[in-house]
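Chain nomenclature is as follows: A, B, C, D, E and F, assigned in order of appearance, with residue numbering initiated at 1 for each chain independently.
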Amino acid sequence: MKEILSRITKDYLYRLVKEGKRLDGRGMYEYRDINIDAGEIDPAEGSARVKLGDTDVYVGTKMDVGEPYPDTPDTGVLTTAAELIPMASPKYESGPPGEDATELARVVDRGVREGDVVDTTKLCIEEGEKVWILFIDIHVLDYDGNLFDAAGMGIMAALLDTMVPASRFDEADEDEDYPLPIEHIVVPATFTKIKDQILLDSQLEEEKIADARLTVSLNENDEIVAMQKGLRGVFDYESTKECIRKAKDICSETRDKVVDEVGRENI
Amino acid sequence: MGSNKDIELIKDGKRIDGRDFDELREIKIKAGVLKRADGSAYLEWGKNKVMAAVYGPREMHPRHAQETTKAVVRARYNMAAFSVPDRKRPGPDRRSIEISKLISEALEKVVFTEKYPRSVIDVFVEVLQASAGTRCCGLTAASVALADAGIPMSDLVASCASGKIEGQVVLDLGKNEDNYGQADLPIGYIPRSDELCLLQMDGNLSEDEYEEAMDMSIEACKEIYEIQKEALREKYSTELQAEKLNEEEM
Amino acid sequence: MKEILSRITKDYLYRLVKEGKRLDGRGMYEYRDINIDAGEIDPAEGSARVKLGDTDVYVGTKMDVGEPYPDTPDTGVLTTAAELIPMASPKYESGPPGEDATELARVVDRGVREGDVVDTTKLCIEEGEKVWILFIDIHVLDYDGNLFDAAGMGIMAALLDTMVPASRFDEADEDEDYPLPIEHIVVPATFTKIKDQILLDSQLEEEKIADARLTVSLNENDEIVAMQKGLRGVFDYESTKECIRKAKDICSETRDKVVDEVGRENI
Amino acid sequence: MGSNKDIELIKDGKRIDGRDFDELREIKIKAGVLKRADGSAYLEWGKNKVMAAVYGPREMHPRHAQETTKAVVRARYNMAAFSVPDRKRPGPDRRSIEISKLISEALEKVVFTEKYPRSVIDVFVEVLQASAGTRCCGLTAASVALADAGIPMSDLVASCASGKIEGQVVLDLGKNEDNYGQADLPIGYIPRSDELCLLQMDGNLSEDEYEEAMDMSIEACKEIYEIQKEALREKYSTELQAEKLNEEEM
Amino acid sequence: MKEILSRITKDYLYRLVKEGKRLDGRGMYEYRDINIDAGEIDPAEGSARVKLGDTDVYVGTKMDVGEPYPDTPDTGVLTTAAELIPMASPKYESGPPGEDATELARVVDRGVREGDVVDTTKLCIEEGEKVWILFIDIHVLDYDGNLFDAAGMGIMAALLDTMVPASRFDEADEDEDYPLPIEHIVVPATFTKIKDQILLDSQLEEEKIADARLTVSLNENDEIVAMQKGLRGVFDYESTKECIRKAKDICSETRDKVVDEVGRENI
Amino acid sequence: MGSNKDIELIKDGKRIDGRDFDELREIKIKAGVLKRADGSAYLEWGKNKVMAAVYGPREMHPRHAQETTKAVVRARYNMAAFSVPDRKRPGPDRRSIEISKLISEALEKVVFTEKYPRSVIDVFVEVLQASAGTRCCGLTAASVALADAGIPMSDLVASCASGKIEGQVVLDLGKNEDNYGQADLPIGYIPRSDELCLLQMDGNLSEDEYEEAMDMSIEACKEIYEIQKEALREKYSTELQAEKLNEEEM
């Protein structure tokens, strides 16, 4: 279900964009206020709450011990789920994840997985028998646009905040829990195309008139680890190159924000 | 009550977290914290962290669930996957279905539902961190969120539990007390009319213990009621200040 | 879906209640005819059919061998399910249990569980490895009001009737099956509030105009083991005390009925 | 047809439960046993215990399943969790979906469905205790329940199975015969028109054996038909008596 | 959802049938063109595509190693599923199998199971511990009538085409995969009754006006191994005998077609 | 990019299946292969076998999903249980839900949806045999099926992937290259307008590698476009011939 804006609001928004302006006065490639709080949820192995303007997302990690997949007997298992609960928006409904939640979970999951964020080989306890299972859960409380970046930053912060609960599972002595082995810092930057204008971090009203969306996830070496075009519009090739170029500076800044908040440098 | 293991819950006349028998854990409530919802409240109660949001009155879907003479109050209680030590699988389980039903029933009594026939007032309770007593947290936060949404109500509902540990009736069970205690008695209380809109018990209580526990809970609900009203007052005063500032700027 | 009565019927019922009368002439705290037949279902480990007036409920128990929960390695597992099948009422629909069936199952389950009816520690076969799993299934065939008490009596009778099928699972020699270890006899008494009048064992028409419901489960020592307020109305504190006081005599009688029917005294 | 284990099923020309080859298990039917349903029948057949109930004709939901020229007969066959030695998980499985479809199809032929366009006649079959042949039990009980509900019908449907054990064609397989036999052939039979409205077979039968089995089953269905009619007569005579008593009292 | 024909088409079809004619000029007991292609799907252990006129059905088999059922510890497990995907007909909907797909799967499954087509005792690897699980999946791409026979022939061909993947599961050395042990060749013949006329292999339009359906599955010894009457009409006893008699010649021919296509005689 | 095992994917400047770095696997498309569907296309691409079918424009159910000003293009991507080495459990999983969404979005851009308000155009993609790149196969086949159904379109969508193996950018990853490679970049391309309607990437690419891969993919899409058009021409010429034959016969 797409949310609908009145004709007048739409025209106003289109006019603004055409003049290179935004509703809240931001620049085209500027984020809203970013607030990241890591470690707020005790029962989670790691957690982060990200506020991107009024968009409010919790990410929590839980770990369990289980069997590896037969084709990767020496690596841990990583699984990401997103819930777009009806608290967050009048358009969300109760029930199993729909296609929006599924796309969100899969896109940010690919950023983590393909970006080798977690060193899953270090999550093997006993080859072929016992590995760590890492659950990443995205819980959206307030949806005011750009869930992809809020969730992406939240996951990165929550992973950096995660302690492997080895003692609880009798895999280590008490107080010998250790930080989740992190290899890379990956964050996404999500661009929205409205008519011919491209802008970063669209808020809800901008999303409602957006033609297409492009998420680019980069690691600390400026390597692209995941991309996804969304919505029913198109991008031309040149614009995608431009987005990648812009993403380098943008991701560099958000990466710093995430790492600073968690205060963990030794990755 | 989960288990009968011998865990010491009372020492030197105090409970393991240092509380007196009739002492509540610390409660903080903030109203109006979400943008999209029509009303909302964030509550911390001991180590519990709970968000409540309200949408509506709005058109009821599916249609056959509409009531022709009044609005339906439809609560949904949900625990985040990471809110408990063992990951909670997403989606409703039998426990959350029952709690959702009880919260719906408890709130409907205080809402002037007859003002909104064929409508639904959706109440969402999300438990972000759970530590015993989440249904009371949810009901307490939900009634603040309803008020924050501007829904006409006859009163707020305050909710809290009492119970029994090591033979002693105590107020507001903590996590270990809940796991290893002997009885749990959560109530929902409407202060103005002095009525019970939620009442459950499980464990083992004599008639006398029931009365002792209820007396404690009702007193505590009156305290909680003050915290709820304070949260709403603070929200309104902030809004008033903001409006004033706006006027000055103009 | 709440069933609806005509205005006239409602008014008539309200008038009756106001005059302290009931449709079928019963007293306010009097049950309809109670018929309990235990042991009618051969494939079940234990069973009971309870007719409460025209309300007709079957309860059957089945047992299996399985793993204990990690946090209670030395106790058996008990699980209760209720099906409000569409045979029983025009308002019930096919499909997974709805909120009414879930509440029914959970309330009577708590009576059994919190009342320590079954000595689950005796259902441990091998600590941490193998315990008995006890399934209690409530099957409502005809719904004419007060399912809580019908199901509660039915469960108690079915449990008393249950033989642990040790020989079938090779846990004992043939003919060495033994009765389920029972510690307490718990039965519920369910009160209904209509306007300011409180009455026991409401039949369907009375339920339809009821404001609130209160179930009180007592054991043989008159201890309260479970309570539940239902429906959208309220009780005042004094009324709940009154219900508990009344429940003592009421439950005492139904307990006797249940135990007499099953003919098992050595609990 | 379950297994091929060598279990002796015939001894001295008799079956393990002492029956002759063409002998039915004992059948008892009682009509009009439930209050809420519009019609009902309780059946015991050997060790099977089955309840059937009918609601309708009533409005069909969902609407797109309505037929503009006739009522739909919609049967739901369900086994209680405790009806079989290994607990049956609640909810429809593939077997019960197929049986529900077959019972629906078998009954529709005898109901004057064209009298009730856009309606549904719901038939519920609950197996409380299962011991081979439950689909025949269900169909037999269901047609009595339909008649008890006052639904206009051209005839009743009688149902029973025959099969093969140790190379011998026999009537009405018992539990062990079903588990260790060689063929099972359940039918639904409309006596007045001499037609088959249900027919299934699995196992292994020659053409001759098929005919021997069918001859047996059809004869048996005629017997069952009499039991069905007797159950309905008894119900009506009881009702008449009750009415008479009422009149006398007045 | 039954598909609906116009009054005129219906009347025309009824008239044709009355005159003993068919839409495409076939005889009453004649199949449309049958095309069977076995072995087209590489990842499957065995496969067959059957075109019966325009009806187009794929059947694939997959095998896995798993535990036997407790009551048959020395036999493999066989499971059949059918998907009537919405590609095949405007009346099919996405979602779990409905009653039509369930009936189709169960009827052809019984032909295989009760006809002892596969020697499941040879699919035991280690009694009580490890057996082969055989999955048969029916995938209907184009539905132009008579799915039962198309699926039945397809299953028989796919089973004959199936190689047990023993080497992939380390149950044998490489290149020691062996053909699935087949004991009997079973095929169905499905008759349709329209008014008083009985005909074989009805195409879609004929199915739409059919009163009743009768499937008879025979093995190579002309033994009946499965039968099923379908739809809301009836058969008289004599007609069923006639169908069985006709089925002998019919099944004999289709059996030959299936075996010829797969080119496997040593069963 | 499933695993990082050391598998040799390039030898003597060629890929393990003998292809050059910028060489497509063989692609065959046949339009109009199903009777019931309004349009269809069967595609073989390397070892992939994919069927696409189109129904519509037809009335959208459920109604609340209708759009008042245009048709909705609703694609469903599904893998047959036997299409992969480890049996795929029937029903949608998260992967197929995402791919269905992406194919829907990619196709809607080229369909003149505004011609059919309140309608749905259903596109079904069935993967019969999977061997890397099935989403590109599905999107390519689906746009041929749309054209075969006579749906008015501004252009066809051609789709293909490029990626990286052993540090080398290559076109159209094969199965082992997909499993053991370093990056995968599938695109959907609209030749006439030179636009991207599908774009995904996962793995690891530098900015330069991204451009090298995209250049390759876009060129390949132009090739595929010709194969698509040829398939449609062949279908029409066959139809024309058939019509001519009919005329001659008359």
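One rule holds in what follows: contacts are C-beta pairs under 8 Å (C-beta built on N, C-alpha and C of every residue); 3 or more make two chains touch, one makes a residue touch a chain.
Predicted model only: the values in this text are computed from it and were never measured.
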For chain A and chain D, the contact-path distance works out to 3
Separation of chain B from chain C in touching-chain steps, minimised, is 1
Farthest chain from chain B by C-alpha centroid distance is chain E
Farthest chain from chain A by C-alpha centroid distance is chain D
Rounded to the nearest Å, the gap separating the Cα centres of chain C and chain E is 48
Distance in whole angstrom between the CA centres of chain E and chain F is 31
Rounded to the nearest Å, the gap separating the Cα centres of chain B and chain D is 52
Flagged in chain E as touching 2+ other chains are 97
Contact graph of the chains (line, ring, star, complete, other): ring
Going round from chain A via chain F, the chains run A, F, E, D, C, B
Note: in the complex, chain D contacts chain E through residues 1-3, 64-65, 94-95, 97-98, 100-101, 104-105, 108-109, 185, 190, 193-207, 210-211, 214, 218
In the complex, the residues of chain C that touch chain D are 40-44, 47, 54, 56, 58, 60-62, 64, 81, 83, 85-90, 94, 96-97, 135, 137, 139, 141-144
Within the complex, chain B is touched by chain C residues 1, 71-72, 97, 99, 102-103, 105-106, 110, 113-116, 214, 222-237, 240-241, 244-245
In the complex, the residues of chain D that touch chain C are 34-37, 47, 49, 51, 53, 55, 58, 76, 78, 80-87, 90-92, 122, 124, 126, 128-130
